[in-house]
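Please read the structure below before turning to the comments.
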Amino acid sequence: MTSLLKTEDETMLADSARGFLDDAAPVSHLRGLRDAGKVHDPALWAQMAEMGWTGVLVPEEAGGADMGHAAAGILAGEMGKTLVCSPFIGTAVIAATALRQVANDRASAALRGIAEGKTIYALAVDEGPKHDPDAAQMEAVADGNGFRISGAKTFVCDGMSADRVLVLARTGEGLTLFDLPTDRDGITRSAMSLVDSRDAARITFDAVAATGDDVLGQVDDAMTVLRPALEAGQAALAAEMGGVAAGAFAMTVEYLKERKQFGVPIGMFQALQHRAAHLWCETEVTASAIAHAGRKLDEDPAQATLAVSLAKARATQTVTLAVQEGVQMHGGIGMTDAFDMGFYMKRARVAAEWLGDYGYHAAIVARLREI
Amino acid sequence: MTSLLKTEDETMLADSARGFLDDAAPVSHLRGLRDAGKVHDPALWAQMAEMGWTGVLVPEEAGGADMGHAAAGILAGEMGKTLVCSPFIGTAVIAATALRQVANDRASAALRGIAEGKTIYALAVDEGPKHDPDAAQMEAVADGNGFRISGAKTFVCDGMSADRVLVLARTGEGLTLFDLPTDRDGITRSAMSLVDSRDAARITFDAVAATGDDVLGQVDDAMTVLRPALEAGQAALAAEMGGVAAGAFAMTVEYLKERKQFGVPIGMFQALQHRAAHLWCETEVTASAIAHAGRKLDEDPAQATLAVSLAKARATQTVTLAVQEGVQMHGGIGMTDAFDMGFYMKRARVAAEWLGDYGYHAAIVARLREI
Amino acid sequence: MTEALDAFRAEVRDWLEANCPEEMRDGGSGEENICWGGKRWQFQSEAQKVWLERMAAKGWTVPTWPKDYGGGGLSRDEDKILQSEMRRIKARSPLQSFGIWMLGPALLHFGTHEQKAHYLPPIARGEVRWCQGYSEPGAGSDLASVQSRAEPRGDHFVVNGQKVWTSYADKADWIFALLRTDKDAPKHKGISFVLIDMSSEGVSTRPIRLISGSSPFCETFFDDVKVPREQVVGEENRGWDVAKYLLTHEREMISGGGGGLLGGRGVGAMLDGADDPVLRAGAMTCEIDALAMGLTLERYKDMAKTGSVGDASAMLKYYGTELNKRRNEVMMLAGGSDALEWDGAHGSLPADWLRSKANSIEGGTSEVMLSIISRRVLGLPA
Amino acid sequence: MTEALDAFRAEVRDWLEANCPEEMRDGGSGEENICWGGKRWQFQSEAQKVWLERMAAKGWTVPTWPKDYGGGGLSRDEDKILQSEMRRIKARSPLQSFGIWMLGPALLHFGTHEQKAHYLPPIARGEVRWCQGYSEPGAGSDLASVQSRAEPRGDHFVVNGQKVWTSYADKADWIFALLRTDKDAPKHKGISFVLIDMSSEGVSTRPIRLISGSSPFCETFFDDVKVPREQVVGEENRGWDVAKYLLTHEREMISGGGGGLLGGRGVGAMLDGADDPVLRAGAMTCEIDALAMGLTLERYKDMAKTGSVGDASAMLKYYGTELNKRRNEVMMLAGGSDALEWDGAHGSLPADWLRSKANSIEGGTSEVMLSIISRRVLGLPA
């Protein structure tokens, strides 16, 4: 496998992303959206499309840049550092990966829409408080040549901004993945007021009509399409969380150097030094798992499950520690809304739950490692 | 309930025990036994009997001091501080508590034997690597008016020194507790070379004959007798572990004050200070749970399960941390056999397993607390 | 002795039965049910008002304070009986305030007779509400690095400066503040413990928004505020002694609420059927530690009866607050995506979770507590 | 470039096929199968001897050392190919030694040509076995507080003092030691890096028994030992530079073995059916961290190819050794009472568990590693 170090191209990609995001989407951008009661910035998304980010996983023939999962992870990581609010993972990673599993004209057109920044996708899988695709109970009942879908999904990230939604529903012999426009009759969305100020929805389906054309992949076989998409999303989310941890850690180390108490910089206190050093070690070890997940998805996607769950589990644990230490080491100011650290803590918590929490991925690792 | 603070009597008991043990059984006593290949010191046991310790839970009419479980815990705690090697918990706590559940002459005589220091008991419950009385599979098959017991028990603490053994075996409708002399035909003992240099045995039973007289309590109802005995043992063991933790911690704090590195006492390094302070907090919180278990067994024994499991769980976690920090903070010298810290680490590990590990007791707490 | 206490218990029981309004027997202890008192206090109900008045008349809003200063003059054992009888009928606390928890003990220990007689009874009756002015921007744990000035000018001070984390400053009538009265003295000297009327000219407040949402905390500004010099508690320039004394009280108070349990509550149901060993192990361990911490609080209370717990109280603050943070993490994890929404299926849980992160910062950080323990309890070299 | 490497790979494969004895292809890497070499070495088998001789003749016991000094002169990429081809046929390492790991790199960096020519080839051929003499009683992490003296007397030193934790000193032919050559200089000055023949008069050793049982560690005593002054590596009184350089090497070496995994091994079976969430969660987390640590070791190796990892290597030492301790705790817990017996059902597990506690002490404690990271990687103020 390719080395886990960034290639030159990857380093350039990261640097240019950083340059753009520091300007276009520092943490104050998210704060501004929140204060304005918004969860999405179409202008920012259009710029991402222009730079080819929305097409990072779209084949070139569909207008994409097709840079691969490692590159997608690098972009997600840079976004994480400043808590960039966009539908990147749901659309450019999850939906694009799902759609490219399917070789038909509709999927190609949909991929082109993603690459061009014209279509925002959301993934509607979970029905309970914990991620569990296999437990989906929503039913798509056969009705003439098509289906009638009824039920409710929750924690649909980017669900309010989305033009289309990938919906997992139970059909006769198994699970089927539908690709529906969010304005179809019978679909009702309500916004969730998430702590991280990002977009999420509850979506109810009231006898929503779907045809065979709306099915992504094969009826009764959602997982062939969905599993790669979920794993791509989990890896990118892990990368984002790595970025969130790095961003929080960098703020904390800066603070330790600058802030004085009892006449000296608080970074001179050995107890804080050792905790900061330990945290840095955790971020380094997690960085390896994140890089490895990207490489594995690019080079051996059928065998990437362990790598992906490893990355998501590690990233969850590391970012949780990073934001906890971040708030504690900043003291009172870290608790104020006027300071950015709270935003990191909130995003870390939501990202920890999305697409499977630590325990979910730890169980996958344990199964594959026969523990 | 009586306050968790020591009463005046209890403080006096602790002080006098400490005085005796510092002289008669400092850690070097255990080291001496180990180096001599011995696991029991009959002279020490005789002295304990003289002081009334072996009769701490024996009724006065059977020659005991009947001081109660809190007092037994205080003695066990003091023994723990210098890793005193004796069959105190198996005999004076577990067997005495089991025997006093039974109101007959044989039990009274047996209790008198314990109080006088003449009889050493061992408890043979476990058959696998984890404590699990309910899982006992050893069979006592009805044979004429009696039974034939066949099977094997492991991790029988004090099993090589014991004169008698309490054996849990499956009978027709349930479990039955037998009280047998270790020299009965068909009983074979082999010594386990435990890391803590204490006495333990594997015992095999080859069609061992037992009569109704050998049954402690009722046939098919071991638990009425055994449960109080186990809980008494667990509480005393938790107290011993609290003492082990305290002993290790005291050595460590002393070392932090005395040992110099880089020109200053290592106790000046803030990272070590904070770890030591955290550990002290853990020992304080655990001390409350241990004291509470003793009080509860004395005052409301039928409802003591939660208190006992809480104490054993906390003590297990705390002593583990105490010995780990003890070795690490002592550096290389802590790793040498010539130094005592290793003995603390080894005893902590064995005590962690005996009578139920952390997970075993945590599960009981979770069940009772409806978690 | 025991007979006297039994008689007292009977008397308390009868009195409570006769005087505690039915509506005040609902065990209501939520933030919204607390009676804080003060000049601008709006009683939630007539019952709340009556309950306060009756208890204040007995001196039982502050049962152990001397009768001369509005207290009940009860012994510790009598107080314990009063509390247990109130718990028995689920009676609400008639009054809570920083005046009771903090200024009262400081005045009782350091105040003159005139100060006690003047300030304590209105606290006991819930007529004057106090807030605390210790922290300053940029000072953090280093409380002694007070920059706000109280310049002596004849019989009064002129106060200038800024305090932060002044809880409920926007609702308080008076503030007790640490101010620098001698700018040339070493750091811990030259500080005084000063009482200031919040309605004085030049005092203003601004609320602080936390990551958990709106909060009782404020910033408080002093702009040429005139304060009579007799409003110093203890000796001038010896305010640090008063502050240290109070920090111990504060520690015990903050930790008191920290021993919350998971069991038998929401989390049991939240965890029900959860097959995740990580979550289950976390919940079990947290519950075990919380139970043991609860017992430890009892043990320390008993210890405090016979002597002082002293610096060991730092343990209660440290362990209690860290535990409360863990408990909130467990509950958030158990709640999953349902617990990610402000005011969602689990109500205030997300805000409580975020708010809990301040527990180990306010009233002395965990780091400060650990340093206190290591030096003053364990005797490690400074 | 790639073609040249492919050709090299083919050559290596053919040579190994022809030269690696069948018995040496069992992947045997346990302590008992290591070939340490040295004057008193007893080969386990003829095959072990032949394998060493053949590899030494190619210079492949030290593949990247210069050919002039007994090495193979391989590039890093060629070395990687050699290692992967050896792994492919499960070939044992022909030789391991402190001479290869530590003295070699020090001599290559600081030694004179004469020293290199004299000392390195016997190391490469496994003829001379070295041990390390850094630590002293009572010094611990403070390696620079060397008390053992090497007093200059004309063309030689007279060495007196004591070293501890000298692994295999009782089996080694030579020792490289840090000795104080100028007692008046500041602590880090005045130390020299000196090579001493263990057969010199006045050198004696005594084994150290650990809590895990017998160990390779010794105490080593120097009593008026005469050592020629040309046996100093680097400049006299500048031995601390050599020691620092080597500590980085040692860190990387020690951490290398730390990434052990639980999965697919005994613990899987040990855990089978265990319904204890605490144990399961501990095992799962440990495995996750071990897998990620394994990937990190690969990443750092790649990093080292293009430049120096430098002080960040302290992370490998810290994390790898702490992880190994956790892994051993998990296995002990999974083993239950079966794992409490010396040489019981789980073999050396109890001794391994106890021995693992030294991992985070030897070669620089975890505390020293964290301080290195905080100052030199994170740039926090000292």
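Note that the chains take the letters A, B, C and D in the order they are written out, and that residue 1 is the start of every chain.
Everything that follows uses one rule, which is that a residue touches a chain if its C-beta (ideal position, glycine included) is under 8 Å from a C-beta of that chain, and two chains touch if they have at least 3 such contacts.
Note that this is a predicted model, so its numbers are computed, not measured.
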Find the chain most remote from chain D, comparing centres computed as mean CA coordinates. C
Among A-C, B-D or B-C, the pair whose interface repeats that of A-D, with over half of its contact pairs matching by residue number, is B-C
CA centre of chain A versus CA centre of chain C: separation in Å? 42
For chain C and chain D, let me know how many angstrom lie between their CA-based centres, rounded off. 56
Per the C-alpha means, the centres of chain B and chain C lie apart by a whole-Å value of 42
Could you say which residues in chain C touch two or more other chains, in rising order? 277-278, 280-281, 284-285, 367, 370
For chain B, what residues touch not just one other chain but two or more? 269-271, 273-274, 362-363
Can you tell me which positions in chain D touch chain C when the two form their complex? 277-278, 280-282, 284-285
Using the touch definition up top, name the residues of chain C that touch chain B in the complex. 261-264, 267-268, 271, 280-281, 283-285, 287-289, 291-293, 295-296, 298-299, 302-303, 306, 312, 315, 318-319, 367, 369-371, 373-375, 377-382
Enumerate the contact residues on chain A facing chain B in the complex. 269-271, 273-274
Where on chain A does chain D make contact in their complex? 3-5, 253, 256-257, 264-265, 267-268, 270, 273-274, 276-278, 280-281, 284-289, 291-292, 306, 310, 313-314, 317, 362-363, 365-366, 369-371
As the complex stands, chain A meets chain C at residues 126, 128-131, 154-155, 192-196, 200, 259, 261-262, 269, 271-272, 324, 327-328, 331-332, 334-338, 341-343, 345-346, 349-350, 353-354, 357-360, 362-363
